[in-house]
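Below are structures written as structure tokens.
Across the two complexes that follow, chain A remains constant while its partner is chain B and subsequently chain C.
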Partner chain A sequence: MLDRRQFIKQSVAWSGCLLLPACRPDPRQRLYRTFSPEEADCLIALCEQVIPADDTPGATDAGVIFYIDNAVAHYFPKTISRYKSGVASLQAYCIGEHGSPFETLPTQVQTDIMKRMESGDLPASDGWEGVSPKSFMSMLVEHTMQGFYGPPRHGGNRHYASYRMLKLDFPLVVGQNRY
Partner chain B sequence: MDKNKHVQAIVVGAGGGGGVAAKVLATAGMQTVLFERGGWPSYDAHINDELISQRMQVLDSAFGPAWDKHPRVHVRENGERDIITAANGNYNHVAACVGSGTVSYGAMAWRFMREDFRLKTTYGAVEGSTLDDWPITYDDLEPYYSQAEWEIGVSGDDGNPFAAPRERPYPMPAFEYNRDGEYLAGVCRRMGLHPFSIPMLRNSVAYNGRAACIRNRTCCGYACPVDAKNGTQNTVIPVAMATGLCEVRTHCVVAELLVNDAGLVSGVRYFDKDGKEQVQTADVVVVSGSATETARLLLNSRSPLHPAGLGNNRDCVGRNLQGHAYTGASGLFDWDILDLSGPGATMAICDYNHHNPGIVGGGLLANEFYMLPYAFSQSRPWGEPRWGKAHKDYQRNNYRRLGRMIGPIQEMPMWDARVTVDPQVKDYWGIPVVALSGAKHPRDFEHCRFLSSKAEEILKEAGAVRTWRHTGDRPPSSFYGPSGGQHQAGTCRMGHDPATSVVNEWCKVHDVDNLFIADGSVLVTNGGFNPVLTIMALAYRTSEYIVNHYR
Partner chain C sequence: MKKLTFFITATLAMSVLLSGYMTWNYVDPVNTCAQCHEVSPSHESWLQSAHADVRCIDCHGTAFSRGLHSLKEKSGMVLAHWFDEKQNIDIRLTEEQMLDVVLRCAECHRAEHAGWLESGHALTYGEVFMNGEHNREEKPYADCLRCHGMFYEGDIHTLMSLEGEPDDWHIYDKKQAERPAITCLSCHEIHTPNPVSTRRTPTDTTSLSDKAPYTSLYVRADKTHLRTDLLTPVTIMQGDSSALAAIDPASLLCLQCHAPNSSHRAGSSDDRTPLGIHAGKSCLDCHSAHSMRTPRMFPLVHTH
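Our next item is the complex of A and B:
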């Protein structure tokens, strides 16, 4: 027979043993609502190019990917297919041309690819269903700016990264500061 | 008690005009129902969130309308029809809540100038435009301007030498200049211009039981956390409710004005907050739903006597849709010209509001409301990188170094810039929606080039190291079709002649003896000023007429 105290102790111990390993997620799994971990890796690299880290945080540190992931799921569902098609087509291009996915390419190569996307020079023969390299790029830039410079409550601008950079007062204290 | 018991007056739309109308009618003893399709605004619903503010509306619009329930149609120049939501720039959105735009506005409290009521007399007819004089003059409206300034609350002084004369002073002292306002005012004086503190519907001192302004940057586009900004929702509407005679019926969508056999309006058919169809009857009806929605309601109210819609037997309803093209210039300085003491706009000049060679009308220029970080990330001179390290550097180096002189121009009204109702598309309640069509007058672009060059001169004189102009004539702007936006006006024009106007000089619909309009729709021309105080003043005047003749 177990008394009550022992029962609780044991059940805690058992559940600890049994459940904890199962609960521990693969760090990349189920982190996103919209994107697969592979798609997210590519987008993170793209966003970091749009707002790179230097002496202040960039898009990755500010969690811009979480803003985009949330915003497209919640507010812009029509853009989900454009994002997925854009990422897949960009990756196909990078692997075909450079032999490896976008996020593994050297920074300068990434920048050049994005500049070509922006100007419409990137060949859009394969893939690019429902989105051109140019419109994909402008959508990505716009959403990255929203995630980085918008308020943190939508998932981006973590720890008020952009407000710190601009030396704005934060967080909001209603009636106390001027934000 | 019967919820829809017959009342003396119905007001449709609780914005700048409707709130005033409800107050005047209720305090005069008239049993009134004030309909509003949105709810009561609250600061907590949007806090300081730039992405859902009335300025950006990136993710949503904190003040409504709900994006999924209120579509509109935009008719392109080639006749193609796009279904659009409030998320689209060409939706021409105003807030849908009690107070409407007066909750979220920047609160500039302009009186029009004498010439603004007499454009055709002053400048002559303009080809391709329906430019006309108002049936009333500044002097007819002056006492009502005063009433609006005192009852709703305006801070200002007599610093503007071009302003038309006033009987009463402002109720509150003028706001001080912020850093860029102070500096640019000095530059303007040196250039022989006449800068002054912008009159604001905002408390410079405690007024009417509410606190003084705390200089928030999140002001224009947001509600005020300390309620120091004066809209109808915190001034006249509470006064109306306190009489016990005014019921504010929120989340109710008015679908149609009902007409009896005599051709008079007998009431409204509406959908209540549960989506249930109801009928409310009244002796007199005031419509104040904004230039687009008021026109839509009239056009949707068809009956044997008014087959094309109420007031539309001469095909005038919905025409002459106007707004304001904003123009001016930006300048980068090599020192921190902004102190970010909100809301940003403090100093204006009216030197270019009238009598500019070759230009009809004019526009004010003011140091602009501050841009918040996301808006600033979208603001770059032509050719500047849109992303990357250079963009980030620009952002942090220049956030406090961007001086701007911006203002609205007097647009030329156009017969074909118009609101119609779409034959197919219906909203959530099955009501045909607004279709917007038409374009701006070519002279508007000319005008923008003129005013922006004047703004640029000021910034150059101020020592800006780099300046650029906002002329609005780059290709995307033609996509935006007719002008409208928050300053939408003109669709139910005031006038003596029923062939060219919808309402008479008392804002009564010409051929319907108990139907009035109290919003921007009745403005013949929209001035080179933010129109809200004029809309409020007209609503006071119209409602007083109703009280005198219909109580």
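Our next item is the complex of A and C:
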């Protein structure tokens, strides 16, 4: 038989279980499988520099970050550490040199930094473990292209943004082929 | 005494489980299912949709809404999340779940459901794929499912036997043959971002064109919906020149399945582009969106 003390203890314990769902992480964290919201902000800015929006959607509108997040989680897990190291090193460089993280820098400064990464001119002395600025940039451009131009079932190319930009005949309008 | 202790503990455990289950179903989904990466994109879009006042469980059901079947189904989803290598960007409905959703759509959209039931769009897999007259003209193949069976989880060879003569071709599963092949979700996305519909008042200055369309095409190849205002307009050819074709979202949606041949010739294949004095008319100028009553009154619209 439970005494009063045990009953109260068990009731409190079980009631506490009901509150477990309230221990939820940052709502933005739910959107990503691999990256933290801060890492995602940096990657979104990088991808937008690769395919900027003009009169047609860019990488952000096309949801390229969701493609990269999903792809590295499930198909390219070896690149997770390269992404995280690359983003952390880039942010350290931006804060050290410009006083703020990459995504808050003016567009022209972002472009200049990425050009230096692409040409291998960005100093890779601090950080950049397991990935050089040049190879990080190369990986990023490749995945951004995949996310923007690939089929939406992989997470990117939201609303077929790139297909519409390219004026592709999609979905293909073809009726029955009687023969 | 031991029996009494067991009885009290069991009662306590049951009441905790029951209250936990009830709590899980009725609290904000942000605290429950939408914590998962797979669910959160759908949850975000639902929040912005006209159905944001409809609870998740009203369409998706609960772990016990279909007894042990749904318990097995929902448990399977949780297990797949942790142990299965197959991953999805977000949760996709199976065809069976989609048919459940259709029944729930009908609870509110009764007139539309009634119209659909009496229309040609309510035809079953059996009526589509076991039509000997049609099969003698064209052998069923994978692309048929693009319009007739968008949610079918397989291909034409898992659906039906194509051995022997056309009259012998049959769908393997009799239950599948009786399922509707074109349903609400073929043309509508429940989570489309849109304000909740309200009755318009004389002082209401918002334009209907400011809203996203109520229709979306389900693209089977990508298992996703594409809003019809984002569909690419198609040039329909009449002779050597282009025919005046409607480019409103509804007409573009109809054209996806009532489509011309690869040369986009007006009137070819399944094309129904209005011609002559009716050129440029939207499909909805004559047709009710869900019922087939109107076209019987105007049989010559597409040819004159």
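Simple rule for what comes next: the second predicted complex is superposed on the first by the 144 of 179 C-alpha atoms of A that agree within 3 Å, B and C clash if a C-alpha of one lies under 4 Å from a C-alpha of the other, contacts with A are read in each partner's own complex, and residues count from 1 in each chain.
Operating definition for what follows: a contact is a pair of C-beta atoms (placed from the backbone, for glycine too) under 8 Å apart; a residue touches a chain by one contact, two chains touch by 3 or more.
Because the structure is predicted, anything quoted here is derived from the model rather than measured.
Of the two partner chains, chain C is the only one that A:His159 touches; chain B does not reach it.
Residue contacts after overlaying the shared chain place A:Tyr32 against chain C, while chain B stays out of touching range. When the two structures are aligned on the shared chain, A:Asp54 is found in touch with chain B, with no touch to chain C.
Once chain A of one complex is fitted onto chain A of the other, the partner contacts of A:Phe66 are limited to chain C, with no touch recorded for chain B. Of the two partner chains, neither chain B nor chain C is touched by A:Ser119. Within the superposed three-chain model, A:Thr107 lies out of touch with both chain B and chain C [touch as defined at top].
In the overlay built on the shared chain, the residue A:Ser81 is in contact with neither chain B nor chain C. In the superposition on chain A, A:Val141 contacts chain B only, with no contact to chain C.
By the touch criterion defined above, A:Pro151 lies against chain B and chain C together after alignment on the C-alpha atoms of chain A. Under the contact criterion defined above, the residues of chain A that touch both chain B in one complex and chain C in the other are 74, 151, 153-154, 168, 174-175, 178-179. Chain C contributes residues 1, 4-5, 8-9, 12, 16, 19-20, 23-24, 27, 30-32, 34-37, 40-41, 44, 87, 89, 137-138, 143, 217, 219, 221-224, 226-227, 230-232, 234, 255-256, 258-262, 264, 268-271 to its touches with chain A in the complex. Residues 1-2, 10-11, 14, 17-18, 21-22, 24-25, 27, 30-33, 66, 70, 73-74, 151-155, 159-160, 164, 167-171, 173-179 of chain A are the ones touching chain C in the complex.
Looking at the complex, you find that chain A touches chain B at residues 49-52, 54, 56, 58, 71, 74-75, 111, 114, 118, 141, 144-146, 148-151, 153-154, 162-163, 165-166, 168, 172, 174-175, 178-179. By the touch criterion stated above, chain B contacts chain A in their complex at residues 43, 47-51, 58-60, 214-218, 225-226, 340-342, 372-374, 376-378, 386-389, 391-392, 395-396, 399.
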